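Chains here go by letter, A, B, C and D, matching the order in which they are written, and residues are numbered from 1 within each.
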């Protein structure tokens, strides 16, 4: 079970985020759900890079070669991903604030100016 | 589209996607057993260049171009937020009222402020050695300033937060990263090459060639960017009022000092 | 190898940083001039690399040239196709900066440089995306284009529709990007590499594809097709393009959406085309299905619009569908054809948006019904609009006509019918607008705003409603249309595009002769232009009367502007992709 | 032992992610997202990724929830303004 559990958790988090996004009744909540979707990508990346018995790839406290380390590349990718996620969230929230101002609602059901 | 139809489309889609992801999960290498040719090479090259924190080596040396893109996304998002949350013509500024802060809270926050600031700078400076680096340190340092909001009030925060300067700092951090990249090019190697400085001694503060420099550039950009970002959101939440509270039409042109 | 290549990305970024830092001190004219100069310099660099350096230009950023065939760095793989796209991006950015010269009302207080800075960031993101040969790096630039595009779409914060469109765009595209990243994670787990070529080699080394390869393919394509606005991932596009500032629309429709198609092509050719990837039959079935669906939905929705920018947006959906069909055929001739088509379309569509912008800023409306007969004095704009409509319909000798003809020749009779019909309907819709707005032909249509977005009472984007159209705004669409014409008539362009696509798709199959004007294709081009004109004529003569029910109403109701709906369709689209490609791995 | 820790952290992540979606009030969701940030930090730590854990701590459990709370506050203020504006807007027609 442990062999696939991390991957299944990543899949679950992504899907549950999508579900929340599609059924959300509040745009701020929707942006939060998008952040949940993104959490799935961190989990997947780091799970892929993990190595049983490996330590973190930082050699400040032990000599190189002494122990196996986990994959530093996925960690770098996840780091980038965290930053990207935070900035996208910020930008979307800025747009949400403007939507709230201009439409006087945050309920997607009431935003019906763009259709057809 | 009515709610029921949306639900059907969604559930159908989720079921299909779930089947796909689960099938893939069982074909992935068992957790903790994958093989990592790139990762192994990255560790090897990081050590060859005297960078103890291999994640920093990947971020600021081997895949420095990714980090350039990442910082640019941050830069763009902050610029976008500044543009999107600008004071519209039908809005005006109101001065927030000074707030009373309980004495213990004030003391706690004021003690924490310098500690957090120093912690942030420490995290930036040791990026190539220990976990952390420009990004994490920058965020911590930027958060430190906002303890002032908790400790005193919004106006105190505004006094020590010359926004214009932080916006320039944000751009300067981005520019510094780009210019360090060009330096590699001018030195006869290629863009963002980590060959213009000696790589130093393993596990010391000056090791890693340009890694600490890029780290510092990022630290500066991130700290400034987060301050600007939070300032825009705070402005909206605390200061800017819409036409609803605005009695006269032309009060909206309120200039900020 | 050429060390200057990364500057195609770094140059505009440096310009943007400069504009933000100095934007508060310099007057607007200086900021806009600096923006234009940086964009022009980047375009010059890219053209130099395209024309003077032998292809492909490969550069390992940071000097991480591979040792023993392996590297830890990021590779920029700039073959002529990539450089050609980058050149198209840069030239269009330049055109947009000229068009928007002193365009906006007023820049945000103390931030005179923010619009040109955002456009330069957009340019850097798009150039980075086309040039990179590293999958994760492609994701980073994909996100960069996205972030900038959301901000630009919502740029006019006082317009209620603009911020809503920007938000929808942002949410759907971000979701696509995260799906793409999951796909990258899956591929990394299988191959342990990030350079696209090495991933492809890694997959091939493992033999036949399995569920993991399928899932990775589907997730990557989800992200890219969201960007390419293929049905059913397309809902964000009309919402965003109808409301974004006109200069931004020119970039979004002219080239950003096409980069989704480009990314799909690149990912397929480099990663999934080998024996370890997805078999060609499955890819063809998938792309043709999505292509035909997009072309049909786009064309129908385009015809039934009265909001001119939204109409143009749907025509982009339709044409992107045609591009996907051409790509999905996996034939070198078809690939060359759509490359030409993309080039011509970029010029024509950007010019049409530019004309729509002129209408909006001159009359404060972008609604076909409201503008009926109001713009007879804009002769040159009318000329551009008609030329654009005919070019969209595929009239020779425009580049769009050439691309369409070349692709049709490879596509076989049934798909040719799709090409002719779709281009005729979209071109006809544009001609109909031209006839009503500039010519004032036909009776004024009755107003039935039951389930549609009208374009009445829009705020002009310029300082005041224009009384005279500035020369820059008139020169740009002219130049763009001339560019689209050159693609069709200059044989050297044809030959260059042909060899560039052959080189890029070399894995798929080998070939032959440079594309030429096929006789049958020319006739079909004339035919679709004639059908377009006839459709426009009939529509103007017999305006749609107010009807309570109409056969397209259900389709129109799907375009509800509701984020939840769009996300549901995106997830469903992912499942559909999986279902279509499934047989490839069984 | 490591496996047990990882499994626990994973399940915590899955549970908080579900909760973050299920909590429909955005202000409360911000708090749940903050907890999600913490559980992710825990997970990244046991997965031997201290760098990512540190970023996640700074961003996921502090910055993002804070931005969400500020947006909520702004939106709420809007709706209060709105009540007052409603009457005036009637004749003005915004």
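The working rule: a residue touches a chain if its C-beta (ideal position, glycine included) is under 8 Å from a C-beta of that chain, and two chains touch if they have at least 3 such contacts.
Bear in mind that the values here come from a model prediction, so they are computed numbers and not experimental data.
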{"item": "Pair joined by more contacting C-beta pairs (A-D or B-C)", "value": "B-C"}
{"item": "Centre-of-Cα separation between subunit D and subunit A, whole angstrom", "value": "12"}
{"item": "Rounded Å distance, subunit B centre to subunit C centre (Cα mean)", "value": "30"}
{"item": "Interchain centroid distance [CA atoms averaged], subunit B/subunit D, Å", "value": "17"}
{"item": "Computed distance of Cα centres, subunit C from subunit A, in Å", "value": "27"}
{"item": "Interface hub residues of subunit A, defined as touching at least two other chains", "value": "2, 5-6, 14, 18-19, 22-24, 31, 47-50, 52-53, 56-58, 69-70, 73-75, 77, 79-80, 83-84, 87-88, 90-91, 93, 95-98, 101"}
{"item": "Per-residue overlap in subunit B, given as positions that touch at least 2 other chains", "value": "6-7, 10, 14, 17, 21, 24, 26, 28, 34, 36, 38-39, 42, 53, 55, 58, 63, 66, 69-70, 73, 76-77, 80-81, 84-85, 88, 131, 135, 229, 233, 236, 242"}
{"item": "Shared interface positions of subunit D, touching two or more other chains", "value": "49-51, 55, 59, 63, 67, 71, 74, 78, 82"}
{"item": "Pairs of chains satisfying the touch condition", "value": "A-B, A-C, A-D, B-C, B-D"}
{"item": "Subunit D to subunit B touching residues, read off their complex", "value": "49-51, 53-55, 58-59, 62-63, 66-67, 70-71, 73-74, 77-78, 81-82, 84-85, 94"}
{"item": "Residue ranges of subunit B in contact with subunit D within the complex", "value": "53, 55-56, 123, 131-133, 135-136, 139-140, 143, 226, 229-230, 233-234, 236-237, 241-245"}
{"item": "Interfacial residue positions of subunit B with respect to subunit A in the complex", "value": "6-7, 10, 14, 17-18, 21-22, 24-26, 28, 30-34, 36, 38-39, 42-43, 46-47, 52-55, 57-59, 63, 66-67, 69-71, 73-74, 76-78, 80-81, 84-85, 88, 129-131, 135, 202-203, 229, 232-233, 236, 242"}
{"item": "Subunit A-touching residues of subunit C, taken from the complex the two chains share", "value": "136, 140, 143, 146-147, 150-151, 154, 157-161, 163-168, 170-171, 174-175, 178-179, 181-182, 185-186, 188-189, 194, 238-239, 242-243, 301, 304-305, 451-453, 556-557, 559-565, 567-568, 571"}
{"item": "Parts of subunit D lying in touch with subunit A, wherever the complex brings them together", "value": "2-3, 6-7, 10-11, 13-14, 17-18, 20-22, 24-26, 29-30, 33, 36, 40, 43-44, 47-52, 55-56, 59-60, 63-64, 67-68, 71-72, 74-75, 78-79, 82"}
